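Both of the next two complexes hold subunit A, though its partner changes from subunit B to subunit C.
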Partner chain A sequence: MDFAARTTAARRRGLIAAAILALAIAPAIPLLIAALRGSSDYSLWSDVFIKALLASLSLATGVAVVSLGLGLPLGLLAALYGPRRRPILLVAQALPLLLPSFLLAIGWRHLPAVGLPKGLFPPSGFGGAALVMGLQAAPLPLLATWAACRNLTASQIDAARLHGGERIVLTRAAMACAPVAIVAALLAGILSLSDPGAAQVFRCPSAAMEIRTSFAALGDRVLAARQCLVMAGLALLLTAPVLLVGLPHLAAAVLARQTRPVVPYRHRLLGGAGQAGLVALLLVAVGLPALGLCLPAIERPMFARAAKTVLDTAPATLAYTLGAAAVAVSLATVLALLTMHSLRLRLAVLAALMVLLALPPALGAIGVVHAATVAPPWLDWLTRSRLTVAVVLGLRLLPVAAVAMMRAVGSLSPSWSDAASLCGVPKRRFLYRVTIPVLMPTILIGLLLVAVLAAADVTTTQLLYPPGRASLPLAVLTIMANSPEGLVASLSLLYLLGVVLLMLVATMLSAWLLRKWKTS
Partner chain B sequence: MNRISPSTTIWLTLMALLSGCSRPETVVVYTSVDQVFAEAICDDFERETGIRVELVPDTEETKGTGLHNRLIEEKNRPRADVFWSGDPVRAASLKADGVSAAYKSPAAEGLPEALSDADGHWTCFSARARVIIYNTDQVPEDRKPTSILDLADKRFKGRACIANPLFGTTSMHAAALFSVWGEEKATAFFQSLVDNDVAILGSNGDVKAAVAAGDFDIGLTDTDDVHVAMQDGKHVDFVYADADGAGTLVMPNAVVLIAGGPHPETARKFIDYLLRRETEEALARGEAAQMPLRAGAALPDGFRFKRVSEIHAMPVDYAELAIVQKKLLGDFLKQWVDEHK
Partner chain C sequence: MENVVTRLLQCRDLLFRFGEQPVLDGAALDVEAGESLALLGKSGSGKSTLLRIIAGLEVPERGEVVIDGNIATSGARLLIPPHHRGVAMVFQDLALWPNLSVAENIRLGLSGLRLSRRECDERIEDVLRLCEIDDLARRRPASLSGGQQQRVALARALAMRPELLLLDEPLGGLDLLTKVSVLGQLARLRHELGFAVVLVTHDSVEVQGLCDSLAVLEGGRIVERGRLEDVVANPVSELGRAFVATMLQM
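After this line comes the complex of A and B, so read on.
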C-alpha cells in the first residue's frame, strides 16, 4: 500500500472513530443546547451549589485516595507473588463494582439493626461516605495495577530482584504501575461524583443531590443541565493533568508485548499478605454490608414475594442489560479495531472516552426525556421504549467495553495479519475467521461486564424506562424505603446471588473458550 | 435446509425483548403512593378486569415531586392515563397546570364530596395522616411528644429528625403550616427547628428507619411508615401530630384522569375501581393501613389507626395548599434547606 492510500485509510479510520464518539455523546446534546440557550429562575452559582460541589470534589478525592491506598499494594502483591487461589480471588474483587452503591451503603447502615456492634459500621457524613465508596471502588485500581504489572517483563523484575531484593522489586513495580493505578483511582473518584446514592445514605451533601433537587423538586431542567456541565467540567479540569501523564501509560498497557511475562514469585510472607489482603477487602467491602442487607431475610423470609418481583422485572432487566451490552461491545470492538494501528488515534479515543465517563449519567438521560417530549409520536420506538434505555446505557458504558476490547485487540499478533496479507487472504475473511474468534472470550466477558454494570444502574433507567418496565435494581430502590424488612432483605439476597452466579458463568465460559482456542 | 446461526438467534431474541410483544388492554398509572402498597391494588385490578396496569412509581427520595414534574414535562404528549397521588395537593396542582381532565366517577358515591375537586379533576379516597414517631426505648411514656412544636423542644435537642421538606408529604405539611399558622409563625417554627439541631433526612422512610434504629428519639412521618415499622417489630410508637392543637394533617389519596392520555377508557375503569368501597377496605387491610374516608367502610381487626372522621383534622383547603406549596418550593423551603441541610 502506498503512502497516499495509507493516509486515506488512516483518515477514514479517524472519521469513523469520531462518528462513534459523537454518537456516544448524542443523548446529552438536547440538554447541552437547553443549558446554553434556556433560561432558569435560579442562580447557577448559589452558595449551596458551590458548597455541594466542593463537598463532592472532596468526596471524590477521598474515594480516589482510599481506593488507591488499598488497590495499588494489593494489585502489586497479587501480580508479583501469586497468592493462593489468586484467579478466583481476583475475579471476586469485581463483585463490589457490580452492585449498586445504594445497596451496599444501606447494608452498612443496617449493621447495628441486625445486632452487630456499632463500631463495625462507618460514621455518618464525609468520612463514612468516602470510606464506603472507596472500599467499593478499590477493585478498579487493584485490577488496573494487576494488569499493568502483568505488562512488565520478567527480565525487568529479575533485574530488580538481583539488585536489591523484594523491597526494590515492590518499589520499582509500584513506580511503573502507579500512573495506571492513579488513572483508575481518579476514574473511581469521577464516577462517585455522579452517584448520589451512598452520599445520601451517609448524609453527606453532594452536587449530584443538588442536580436531582433542581430537576425533581424545582422542575428546572436548565438549571440541572448547567449544574451537570459545571460538575463534568470541573472533574475534567482537575483530572486533566493526571490524565495527560497517565493516558500514554494506559494506551501502552493495552498493547501486546512479545516478551517473557512476569511469573509470580513464591514468597511465603508477601504471598500470604496478598491473599489475606484480597480476602479482607472482599469481606469488608461486600461481606459486611451484605450481612446487614440479608440477615433479616433469615428472620423474616419473604422469598415468594421477592421472587415475584424478580420475575416481573426480569424481561425488562434482560432487555436493558443485554441491549446495552450489545451496543457497547459492538461499538467498542469497532473502536478497538480502528485504533489498533495508531498510537495517536488510540490516545485521542482514550481521552474522549474518559471525558464521556466524566459526564453525569443524568445528562444523557434527561436529554433524551426532553427530546422525547418534542419528537413526533412515530419516533417513540427510539425515544420512549426499552430500546431507548438499552441504547443510552450502552453508550454510557462504551468506555468500559472499549478499554477491555482495546486490550484484547492489542494482544493480537501483528505477524498473523502480515502473513494473511502476504498470502492474499481478504481482510473481511481474516476478520471473520481469525480476529473475531480470537477476540470472542473478551467479547463475551465484555458483554457480561457491561450487562451487569448496566443492571446496577438506576439513574438512567429511572428517568427513561417505559411504564411498567422497571428493572430489578430500580424496583429494589423504589420499594426498599417502605417495604417490610424481610422483603427488602429477600430481594437483596436474590440480587446478590444473581450477580455471583453471573460472575461464575462468565469466568467458566471465558476459561472454556480460552482452552478451546488454545487447543484448536 | 438453511440453519439459523446462533448469533442471528441472539439478535432476534434481543429485538423481540426490546420491541415488546403484542399487549393486552392496558392502563398507564403514575403513582406517588409507595410501590409496595399500590402494586397489590393494581394486581387485584388486573385479575378482576384483565386490563394490564403499567405502573410507574416514584422513588422515596423524590416522592411525588419527581412524577409531578414528569407529568408536566409530558403534558403535550402524555404517556400516563391516570395519576394516583398519595396526596391531593399535587393533584390540585396538576389541575392548575392543565394536565388533568374532569371525570366524576359513579363509584365515588359515599366519599365525602367536600374533600374532592368540585369540577371532578381529582377525587379523594383512603387517607394517611402525619404522625410523630418515637423510639419507645428512648422516650418514656411521660416524655412522649404530642405536637410538632416538640421537635423544637429542648428535651429533644439534636435527637429529632424530619424528611427533606422539598419532597413528599413533608413539603405538603410545610405548606399546611404556612396556610394555617401564617407566614410569621411558620417561619419562626422552621427557625426553631434549626436552633434545636433537627436533622433533615432523605425521606419519611429514612426518618422511620433512623428513629427505629435509635439514631434519633423522635421524627415526623406518615401513618404508613409507622405501621410498617411496628409490623417489623421495631420499638416505636406514634402520636397524631397536634391532635389537641392545630389539628393533624390528614392526607387522602387523590386520583386524576390525565388529559389526552393514550387509554382514556381503561383509565376511567381504573379510577372507578380505585374509588370503590372495596378498594378502601383493601387499602385498610394492606401494609399501608390506610384509613377509609367512607364512614361505614369495614376496618380489619386490630387496626392501629382511627377513622378519619374521629381525627381532629387540620382545617386546610387542598387546592389552596397547592398554590402555597408551589410558592414555598421555589422560595422559602429551598432557601431553608440550602442553608440548614
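After this line comes the complex of A and C, so read on.
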C-alpha cells in the first residue's frame, strides 16, 4: 500500500471509530432536545436536588479516597511480590466490581444478625454508602496499579533492588504507579456519582436517586432530563482535568505491552502481607456482605420462591445481558482493530471512552424513553423492547469491553500481519484464522464482564424494561422494600453464586485456550 | 545493460524518514541472483527499514526498488505488492502465528498463491522435509524450542519458493550450537534451491557461516560493499574495520 493509500485508510479508520463513539452517545441526543425544548412544573435547582448533588460529590470523594488507600498498596504488593502462577486471588478481586452496589449494601445491612458490635453495624447513611462503595471500587485502582507496575521492566525493578533493597523498590514503584492509581480512583469516584444503589439502601440522599424520583415518582421527564444533564456536566467537568493530566499514564498502563514485565520477587514478609491484604479485601468487600445475605436466607429459607423468581426473570435477564455483551464486544473489537495502527487515534479513543464511562447511565436510558414517546408505533421494536434494553446497555458498557479489547489487540505482534501481507494472505482470512482466535480469550472475558455488568446496571434496565420483563437484579431491587427478608436474601445469594460461577467458567475457559496453544 | 538485467535486486537513491529524522538518505544496494549478502550497521541505522522497503512493507519518500528487472517501488508508489515480488522474509521475532500448528502456519502462508489443496500439501511436505521438521507438523509454535521455531519460520518463508530471502536478525536469541546448526542448514538450502539472501546481523559467526559478500550501512547510505574476503582484506568504513577486527580475534 503506498503513502496516499495509507493516509486514506488511516482517515477512514478514524472516521469509523468516531462513528462508533457517536453511536454510543446517540441514545442521549433525544434527552438533550427534550431538556432544551420541554417545560417542567418543578425548578431544576431545588434545595433537595442541590443537597443531593453535594451529598453525591462528598460520596464520590469518599469512594475515591477509600479505594485509593486500599488499591494502591495492594496493587503494588500483588505485582511485585504476588504469586507467580495461578493469580486466581487477583482475578477474584474483580468480583465486587461485577456486583450491583445495592446487593452488597443489603448484605451489610443484615450483618447485625451475626452478633457484630452494634456501634459499627449496620453501616448507615453517608458513612455506610462511602464504605460499601469504596470497598467495591477498590479493585479499580488495585488492578490499574497492578497493570502499571507490570509495565515496569524487570531490570528497572532489579536495579532498584540492588541499589537499596525492598524499600527503594516499593518507593520507586509507588511513584511510578501512583498517577495511574489516582486516575483510576478518581474515575471510581466519578462513576459512583451515577450509582443510586448503596445510597438508596442506606437512605443517603444522592443525585442519582433524585433523577429516579423525578422520572418515576413525579413523572416529570423534562426535569429528570435536566437533572441528568447537570450530572453529565459535572461528570465531564471532573473527568476532563483527570484525563488531561493522567491520560498518557493511564494509556501506558492499560494499553502498553511490556515484553519483559516484572516477575514477582519471593519475599516472605511482603509477599505474605500482599496475599493477606488481598484475602482481607475480598473477605470484607464480598465475604462479609455475602455472610449478611446468607444468614436470613438460612434462618428463613425461601429458595423455592427465589428459584421461581429466578426462572421467571431468566429470559429477560439473559436477553438483556447476552444482547448487551454481543453489542459491546463486537463494537469494541472493531474499535480496537481500527485503532491498532495509530497511537494518536488510540489515545483519542481512550479519552472518549473514559468520558462515556463517566456519564450517568440514566442519560442514554431517559433519552430513549423520550424518543419512544415521539416515535411511531412501528418503531416499538427498537424503542420499547428487550432489544432496546440490550442495545442501550451494550452501548453504555462499550468502554469496558473496548479497553479490554484494545489491550488485547496491543499484544498482537505487528510482524504477524507483516508476515501475512508478505505471503499474500487475504486480510479477511487472516482476521478469521489468526486475529480473532488469538483474541478469543479476551473476547470471552469481555463477554462475561459486559454481561455481568449489564445485569448489575439496574438504572438503565429500570428505566427501559418492557412491562413484565424485569431482570433478576431489578426484581430484587423492586421487591426489596416490601418482601420478606428471607426471599430478598435468597435471591441475592443465588445471584451472587451465579456471578461467581460465571467468572470461574470464563477464567477457566480462557486459561484453557491459552494453555492449549502453549502445550499442544 | 546486460549487467542490470542479471541483477536480482536494485535499490536506488532511497530516502526514508521517521518524522523529520532521515533513516535512509540516498541508500543504494544491488544483490545478484544466488548471492548471500550480510548487511551490517549500527543499531537504528535503518537496516530493518531497508529490508522492509525491499519487501514492500514500507514505502520510501524517494527512490526505486527494482526486483528481477521490474520496478517494484517507485517513490511513494508501490507498483508490485509484497506477495508478488518473489521475496520472503524471516522476522526478528519470527512472526509465527501462535494459534496455528506448524503445518497450518505454512499452509496459511501459501494461501496467497492460490494453489490447489494437493499442491499445498505437497509443498508443505517438501519444505518440512527440507528443513528437517517433518515430525513437528502438528505442534504449535509455543511448544517448540528456539531452534525449532527458527526452522519453522524458515520453512514458511521457503514454501513461497522465493528468489530472495530477507533475514532480519532471526538468529539473535539462539545459543552458539543451535545457531551453527541452523546456519549450516540455511547454507545447504541456499545451495540446493539457489535463492539469494540478505542477512541483517551484528554477528561474525552468522556472516562467516552463511554470507559471501558484505555491505555496511552508515549515515543512511551504503558506505562499503564487496566480497567478504575483499572487505576482510581491506575494510574501508569504521564499522567494517571494527567488524573485521572482531572476526580476526575469533
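Following the convention adopted for this analysis, the second predicted complex is superposed on the first by the 500 of 520 C-alpha atoms of A that agree within 3 Å, B and C clash if a C-alpha of one lies under 4 Å from a C-alpha of the other, contacts with A are read in each partner's own complex, and residues count from 1 in each chain.
Just so we're on the same page, a contact is a pair of C-beta atoms (placed from the backbone, for glycine too) under 8 Å apart; a residue touches a chain by one contact, two chains touch by 3 or more.
This structure is a prediction, so every number in the text was calculated from the model and none was measured.
**Student:** Answer with first, second, both or neither: which of subunit B and subunit C does A:V355 touch in the superposed model?
**Tutor:** neither
**Student:** Now for A:L422: first (subunit B), second (subunit C), both, or neither, which partner does it touch?
**Tutor:** second
**Student:** Quick check on the superposed pair: does A:L193 touch subunit B, subunit C, both, or neither? Answer first, second, both or neither.
**Tutor:** Neither partner.
**Student:** Would you check which partner chain A:P205 touches, where first means subunit B only, second means subunit C only, and both and neither mean what they say?
**Tutor:** first
**Student:** Comparing subunit B against subunit C, which has contacts with more of the residues in subunit A?
**Tutor:** B
**Student:** Residues of subunit A touching subunit C in their complex?
**Tutor:** These residues of subunit A touch subunit C: 1-4, 6, 413, 415-416, 418-426, 429-430, 433-434, 437-438, 517-520.
**Student:** Please output the residues of subunit A touching subunit B within their complex, sorted ascending.
**Tutor:** For this pair, the touching residues of subunit A are 41-42, 46-48, 109, 112-113, 200-201, 203, 205, 212-213, 215-219, 221, 300, 315, 318-319, 322-323, 326, 369-370, 373, 377, 381, 384-387, 390, 462, 465-470, 475, 477-487.
**Student:** Going by the contact rule at the top, pick out the subunit C residues touching subunit A in the complex.
**Tutor:** Touch residues, subunit C against subunit A: 52, 55-57, 59, 61, 76-78, 81-84, 87-89, 91-95, 97-101, 108-113, 138-140, 142-143, 156, 160.
**Student:** For a test of understanding, state which residues of subunit B touch subunit A in their complex under the given definition.
**Tutor:** 11, 14, 17-20, 26, 28-30, 34-37, 52-62, 65-66, 68-70, 72-74, 76-77, 79-80, 166-167, 199, 201-206, 209, 212-213, 224-225, 228, 231-232, 287, 329-330, 334, 337-339, 341
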